[in-house]
């Protein structure tokens, strides 16, 4: 019926863009490496917090932003990772990095288990199931008081720097978290950049279309849920080692909602949106709660509603859109010269098509 | 006096134009039929009339401009639109479907009488009155859709391919019923059909749309004698 | 044995509260196809309105009626000002917006009335009756009677009035509803208003039982979702039966499974949600349409 014209791919500037991106990334890594040398200890500690939140937010962004599954259970995996890491240090005597890796394995397994029934549930049902996870955390932690310290929580030994490291404990933790963060962001970027990324986008747009393209939709959904949950676990474990304390009050449903608010603000389905989310989670609650207890809820609620109704692409998504609109505009400007010719072709096509229709009907 | 007047209406979906300056009238108590191939713009014409899409030009009901009114307001003014396929409320019983059709009316006693009349018109519906509409067969749903449109006691009724997918016997019944309603209650009708024989038989006037433009109009008899129409729509 | 039946009776009393909030969830889900995560917080807000009225010296029953009326208006406004603009967007957007609404109500309550616990007087006298060996206090009987009244009222409204038929028609097929002259937006807004009214009733029943604070409905909304999910979120009967199931199982587990402790009691309704969603997501009362050929 209709003929859709596919514009030819403009591949020329691609190489330049990649080069700039690598350059920007390199500079960013250098800045991050140098940070603890120039900023005070407390700010190093805060930046570490930003990264731990960003890792967990990246996990939720995979599940929600890239695949479009609503998960309210991110707090549960954040908590599970934290406790797994802390308990393996206490009971297995492993070092902190190994503890974080154990947390990753445990949360990945539980994530896959939770994602398995989730794969055939529509958005709302998944939200309800994950809501169940979200509200189970606090009672479970309180129940297993002997291991978790119950409502009062536990003090956790922070990672201790080796003798040759002279910048102090906060900087040491900073570098440990930075290493995890860089590796994770790099891995996830490659994961969503390749053919998997297209498959994920396909699932979000239309599962039917994706599966007809040969994507094993269910398998991919379960894997993404597992990986996303794992990142929550890693983020949780890192956050707990950074703070030096673990307790159920930091793992309520409110944490999941905050994560959701943060990735919505940062930009659903963007890597850098998770970084914005990390900044948001580290700084907004403390400033908001300075203004009163009710205010932090109001801030989150207002931000969620405003973003979804006014700025559904989030900060990063909106910036990307502005950039791509600019590019489009430039392309359009380049094309205007050839436009007159195009018009006549369209007109010709219509007449031809009408004539063809008439003949078809007559026969 | 014309009940419905469509004057120079152009409309489309998004940026794709479908109708180009289409004009037609439906006279008081008369039946007009709108013919055309798939994609000619028949359904779009009906949608413009019932306020479901935006258009340029003018559409008048009893001389009153309909522009800018929503579908619910236009329905309350007296236009009933039986959409193509299943326009019934599948979770509601047959009886509730008919009752909802009378939403714009306040005459409770008469509504009950009219529901009974629909059952006389379509006896199958009486048998199924307590069943959910979703459980009816295609033909029964079509009858229910027509019955529900009639319950509105409209000034004019728009019907989109009422015979689509029905067995020939049922189509005959349906058209007989439409004709009876038109004669007894004086309800004007604008019927869109691909299967034109029966429609032209009961119609007073006929219009032919081709790729969004009106190419032929006249009395039903004149149009049915047109060679092109005979070849394209009447199968001989 | 008598102890067992007494637990069941008590469970039904709590179940009636979950059912009334569950009915609100079903009503909104059926009319607007939205699971309103903010329903519980809206109910808390209603309880605060009642508290405020009582505090200003308004008689108790009048306070409750005013609270219900105000809640209904707020429900209508929530739809018109906010939900309406995202109603036809994807589920993710809708879930996020209702969570935003949840936070908005929660923090509004906190800002207006503080986070300290307040007490809302009970509308029921402190009497109890014995039927055989079972004891019924006035609160229990009153709660059950209110649920029965609500259920009958909703049945009459939805099945036997012009407005009810129009509401059902709009939920069933929005386009066709408009084509018979039913104002769609008004129906959706009325649906939200009615649901807010139902939620208000549950809030007013919970308020005197627990203490009034902004997070009062935190657990109750989970129980209500469990109740509603029993009916696949679409069945009013399912929500009432589900409420009873949740209430009774909760009472029995507290009586017979004391080792679960007060913290793990919430896991029971949660497991019910998971079981229903995984085994029969359309609910135990989901209406299956018979297709005739």
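Going in written order, the chains are labelled A, B and C, and every chain counts its residues from 1.
Keep this in mind: a residue touches a chain if its C-beta (ideal position, glycine included) is under 8 Å from a C-beta of that chain, and two chains touch if they have at least 3 such contacts.
Please read all numbers here as calculations on a predicted model, not as lab measurements.
No other two chains have as many C-beta pairs in contact as A-C. With centres taken as mean C-alpha coordinates, the chain found closest to the middle of all protein C-alpha atoms is C. Chain centres were defined as the mean of their Cα atoms; on that basis the chain farthest from chain B turns out to be A. Chain B and chain C have CA centres that are 43 Å apart. Centroids built from CA atoms put chain B at 52 Å from chain A. The distance from the centre of chain A to the centre of chain C, with each centre set as the mean of the Cα atoms, comes to 34 Å. Within the complex formed with chain C, the residues of chain B that make contact are 50, 52, 70-73, 75-76, 80-81, 83, 87-92, 96, 99-101, 103-104, 132, 134-137, 148, 151-152.
By the touch criterion stated above, chain A contacts chain C in their complex at residues 64, 68, 70, 117, 121-125, 127-129, 131-132, 135-136, 138-140, 142-143, 257, 260-261, 264, 268, 292-298, 300-305, 308-309, 312.
Every residue of chain C that touches chain B in the complex is listed here, in rising order: 162, 165-166, 168-169, 171-173, 175-184, 287, 289-293. By the touch rule above, chain C contacts chain A in their complex via residues 35, 82, 85-86, 90-93, 95-97, 99-104, 106-111, 115, 214, 219, 222, 225, 229, 233, 261, 263-267, 270, 273-274, 277-278, 281.
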